[in-house]
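Below, each structure is written out as structure tokens.
In the two assemblies presented below, subunit A is common to both, partnered first by subunit B and then by subunit C.
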Partner chain A sequence: MNEERKSPVTLIIGLILLAYALILRSQNESLTPTGLVAVAEYLKTGKTIGTQISVGLWSGIIISLVGIWNLAVPAMTSKFDKLVRAPMAGIGMIMILAYVTRYYMEPIFKIWGKQAQPMLGFDMASVFGLNYILLGILLGIVWVNTIGIPGWMQAGVKTARLAMKVGVITLGAMYSITELKYLGGLSIVMVATFVMGTSLFVLWLGKLAQAERPLIGVLSAGLGVCGVSAAVAAAPVVKARGVDMAYSIGMLLLVGVVGLFVFPPVAKMVGMNELQFGAWAGTGILNSAQVAAAALIFDPNTIETLKVAEIFNITRILFLPFIVIVLAVWFAKGEEEAEKGKVSIGKVLIDKFPLFVLGFLIMFAFSSTGIFTPKGMELHGKHFYKFKIDEKKEVRTRDLKKISAFLETGAVTDPKVKAALGKLVADRQITSAEQTDLVLKAQDFTKEKDLKAAFKEADKLVQAKPATMEMMREYMMWFFAFGLIGLGMQITWQTLRQAGGKAAMIGVVAGITKATLSFFVCWLLIKGSI
Partner chain B sequence: MIRTILVATHGSKGAVEAERCALDLAATHDAELHALYVIHKGWGSLVGIEWLHSSEKRMDFYRYAEAELYKMADAALGKFVQRAAACGVKVTTSVRVGDPGEVILSEARERGSDLIVIGDACKGRSEEYKAKINVGKLLRSAPCSVLQAKVLARGKDTALTGEACASRLQGIAQG
Partner chain C sequence: MATALKASLVVLTVVPDLCMMELSDDDCKNMYKIMTEDSEKRLSRLKEELSKKGVQMETVVHFGRAADTIVKTCAETKADLLVVGSHGRHGAKKFLLGSVSSKVVEHAPCDVLVVK
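Moving on to the complex of A and B:
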């Protein structure tokens, strides 16, 4: 029997989580804030105490039970043991890190950012996006490059990939048909242009630099589509040698990490909105994990930027099999006659299609049927609505009078908007999804702030928060936080060091060109919001 | 008396210098020569950040990469064996995966080597996974003497004899 297998570490980690949740729960029941609750009050995380307790309790219980099991039956032979029991210690440790970053480090940086604002002239925590996502990734990077990943954590760290996939699949439930149609159309145009453009640019640049064809092929996929994942897909097709893979992957990771830290502050400085930044991150950031990370660094409080960025990300992932086919044909052209005609388009399409995208689409389809929302609630635009006549949803009389007077001025020239406002005055509340759009559109016919606020308020009154969706959203954020800390732990200095030679030159030129061009396109040409 | 020599190689400029040195010494001392090629364990975590593909597809990539790395190792060792044969020195070879420093030490212990010959980390384009051996640690833990072959500046004679090689000895004899 292996001594390592008898390790009590899983149980210890489970008990830490359990103890934290129990202490927090007991202190939360006291009338005056003490201990951890007092700290939470100071850090302004009081509202999250309920989540902290429930997540801590459940994860603590599960991890502790697995810890006892691991001590009682140390041998891990079955698939279940390897998939569930072995990773539990690492999962627990990453959860502790997620707690530390989300509930302690982020609030501390927020306070420091505000305190340093008079001296610096800007809020450093806000501008540099020092939230739990960025801090979690940084913590992961520092951890792996200093103390390294101990044996008991390794299986758990590998589950970060699964967490990312579960996060994206869950995100599928958060889109409305309108959003998906609009974002889908926009992303296909943008991604097609930039994926094809960058891939071709790299082929040309590689030829110019007289680089080896396999290296050019791997770089073309990686820089054009989705970073390391695309390089992995393309390497066997273009018969990449070891050195080609090391150089390309090191460079893709390096350029991707730089993008992750540079994109959010730049967007904040120029005042990009969620649609613009989501589109930019989804087009310009190389690695797909870093797209989700950048979107959450830019906007950790709502999921709007993440929704935009992930649609762009998924669109470009869908381009991957096609780019691999193009590269296979391109590579075969430069090879011996015997190598030609070996590309099976059907096989490549099936092989390179990431299956979790299907999960995302299935989740979207389920959500569209309304199974996650109580009866009468519907997702329209980015909000859920409930249009059942209810006194609580009535617009204030003073606002109704203002709207009525506004209608009489004849300023509203659109008959549909006019009718929607008339109905609002008559019913005292919005009663349909179409009417919400028209009432919000009425803002275009006035410059009065009070009137605009009244239209927004009427819309807000009929918005609803379905409990299941709120819960799914909260857990989804945990999955992303967990996944990104775990993926941060895969960014090793050793891998970054591999960037070099012609790969570095091509990567830097193509990466910067793609990021810059997509920035201007998103900033100047994409208007409005989702 | 040097009876068994272990030379670490991976085809880089520094490693080729170590090969030359080892060949000269083996010829001079009529010693057994073993060439070790270490595939760096860092290859295993090179695509750690990749998360889109299924574990099966990722394994396909690793299998492909592994085959390529073994091809590269066989090619480098094949060249060395040819050079050794030309010098009349018989050489055995092996390929192992791990941290180069640790693998060299364990191989030297297992084989009871009298001398370990390693190359110098050279500047310029490398055709290999970039990772330096912790020479200090290797010297401290080595079960025998360690020789680090120095790559000379361009233009200088790099064809070493056993004596010339010994004069460029950088390693510190141990135990």
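Moving on to the complex of A and C:
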């Protein structure tokens, strides 16, 4: 192992990132676009050059330094070596891949999609969601199944899991209380129905297929709750054997991967909104990382879909201990000579509690105290607002006149809305969070498009973008992009090949049933947006 | 053959490494434990039978890709002879599934006996 760690790979990768950033910086200073900057202009990624340089510089410096250190003193087995020094080469390599997908592959596909539109009749880049998230996953899949993961990259690829968790924890800061309340309630109802429903359905289906009980148990948890991790968590209580696990893991991954690629285009075709798709993905897609991936493929530019999907996913994970207990009871019933009552509810709850959910909640708590937002800004609904009176935020006089004329017609019957509009006309701008809601509500009292637009505009004018949150969002996207390339790298032909036998049959039937039913529920029953 | 040569056997089981991003370290350990116990249980009867005949047998369970792991273990245990079975798949199946035995024959640092 020491030989591997002494290799110069880490340093080389660090220097590549550094060189890229430095070249980009020097070319960015010249007046006429040259070299990489000219390429960026063609790809329309000019705006991102600043980020590209700063991320490249910092990561390049850090990775190179660790690379020099690794060359001078071989990494030992201390925690720091394991967590930081050994994975650095792999982390750097994935970062390079992230650069390639985000700043080169995605823009190219965007351009190709537009060029091929007249021929195909649709924009393939937008219909298939060929954005950097999807391309990153695909690149990961191709990479692992052709080149494979060399020894020096392995530790780095493993950090993808951590990156995803950090991404989700950061996401915790981006919810408002109203959003969390609404989504939490909705997800508990949906998830409870589908988790219980699918788990029981699989138990029944397994009996029908005359599969062995340990296999049924593992599949029930995996298909019902959250895929591979749930299957492994349930394995000990149903005394699963190696074969059962190999079959189930292969199958759960396969069903999840298919879902990941099928869900977004289907949703685009029927015109689902963020709330509907987030709910569908969070319910119907099996594995946690795949849920985040599907949400970001559907909508990589804003994080609204991801926010919905993650709440559903977290709710689902919290259901895991209960399913494990149900399965333990179910399994004990069928075993005549088995030792019963070995599972204690408390122990399962503590053992299986996902720590990152705690991190997510802490982040949310911090964020709601307002420490990430400058003074005077508040998070309301899904937007930030600044209600300090400011001329720049004034509604156009033309719109104000329209609104006051509208008030005089008496069409507004709700006295609260009436008061809010009156205050808007007097102050020429919205001055409180409650008022934004009421002004937006005024849209219901009119059919005139101009008026509706004026109300929306009044709301938009007081919206603000806190710099800290924007920065956190940008970094969070890097964590997800990184994690999802790692996700692609675990989808190996070898693992998928494990899917077979009765596990495959039960998996396909239950997976498709769950995906279809949850599709109709989300599409037809969930209305509105967050 | 082992009886005739008074050799000792190392029986290797390669279990595909299914530890992936979805799983925590604890989950992975848990899975490894189940898989290892499972393989050992299966080989224990063989071990018993062989020990009656006076042949020493050691069971080893490794995780990873079959061909790579076999070659690596062969080098590590400094085996004199590697015995490997072949399914004899052809055509598309061979292309898709690959042949472990042919990869092993190509890369192994020791003599290889392929049993068909």
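Side notes on the structure shown:
Definition applied: the second predicted complex is superposed on the first by the 524 of 530 C-alpha atoms of A that agree within 3 Å, B and C clash if a C-alpha of one lies under 4 Å from a C-alpha of the other, contacts with A are read in each partner's own complex, and residues count from 1 in each chain.
Assume contacts are C-beta pairs under 8 Å (C-beta built on N, C-alpha and C of every residue); 3 or more make two chains touch, one makes a residue touch a chain.
All values derive from a computational prediction rather than experimental measurement.
Subunit B and subunit C, once both complexes are superposed via subunit A, clash.
Of the two partner chains, subunit B and subunit C are each touched by A:164. In the superposition on chain A, A:500 contacts subunit B only, with no contact to subunit C. Ranked by how many residues of subunit A each touches, subunit B and subunit C are led by B. In the superposed pair of complexes, A:317 makes contact with subunit B only, with no contact to subunit C. With both structures placed on the common chain, the touch criterion links A:245 to subunit B and to subunit C.
In the overlay built on the shared chain, the residue A:267 is in contact with neither subunit B nor subunit C.
Across the two superposed structures, the residue set of subunit A contacted by subunit B and also by subunit C is 160-161, 164, 228-229, 232-233, 235-236, 240-243, 245-246, 249-250, 253, 287-289, 483, 487, 490, 494-495, 497-498. In the complex of the two chains, the subunit A residues touching subunit C come out as 158, 160-161, 164, 227-229, 232-233, 235-236, 240-243, 245-246, 249-250, 253, 287-289, 483, 486-487, 490, 494-495, 497-498. Across the interface of their complex, subunit A is touched by residues 42-43, 45-54, 57-58, 60-61, 64-65, 68-69, 72, 125-131 of subunit B. By the touch criterion stated above, subunit C contacts subunit A in their complex at residues 15-16, 18, 20-24, 27, 30-31, 34-35, 38-39, 65, 97. If you check the complex, the residues on subunit A that touch subunit B are 160-161, 164-165, 226, 228-229, 231-233, 235-236, 240-243, 245-246, 249-250, 253, 256, 287-289, 317, 351, 354-356, 483, 487, 490-492, 494-495, 497-498, 500-501.
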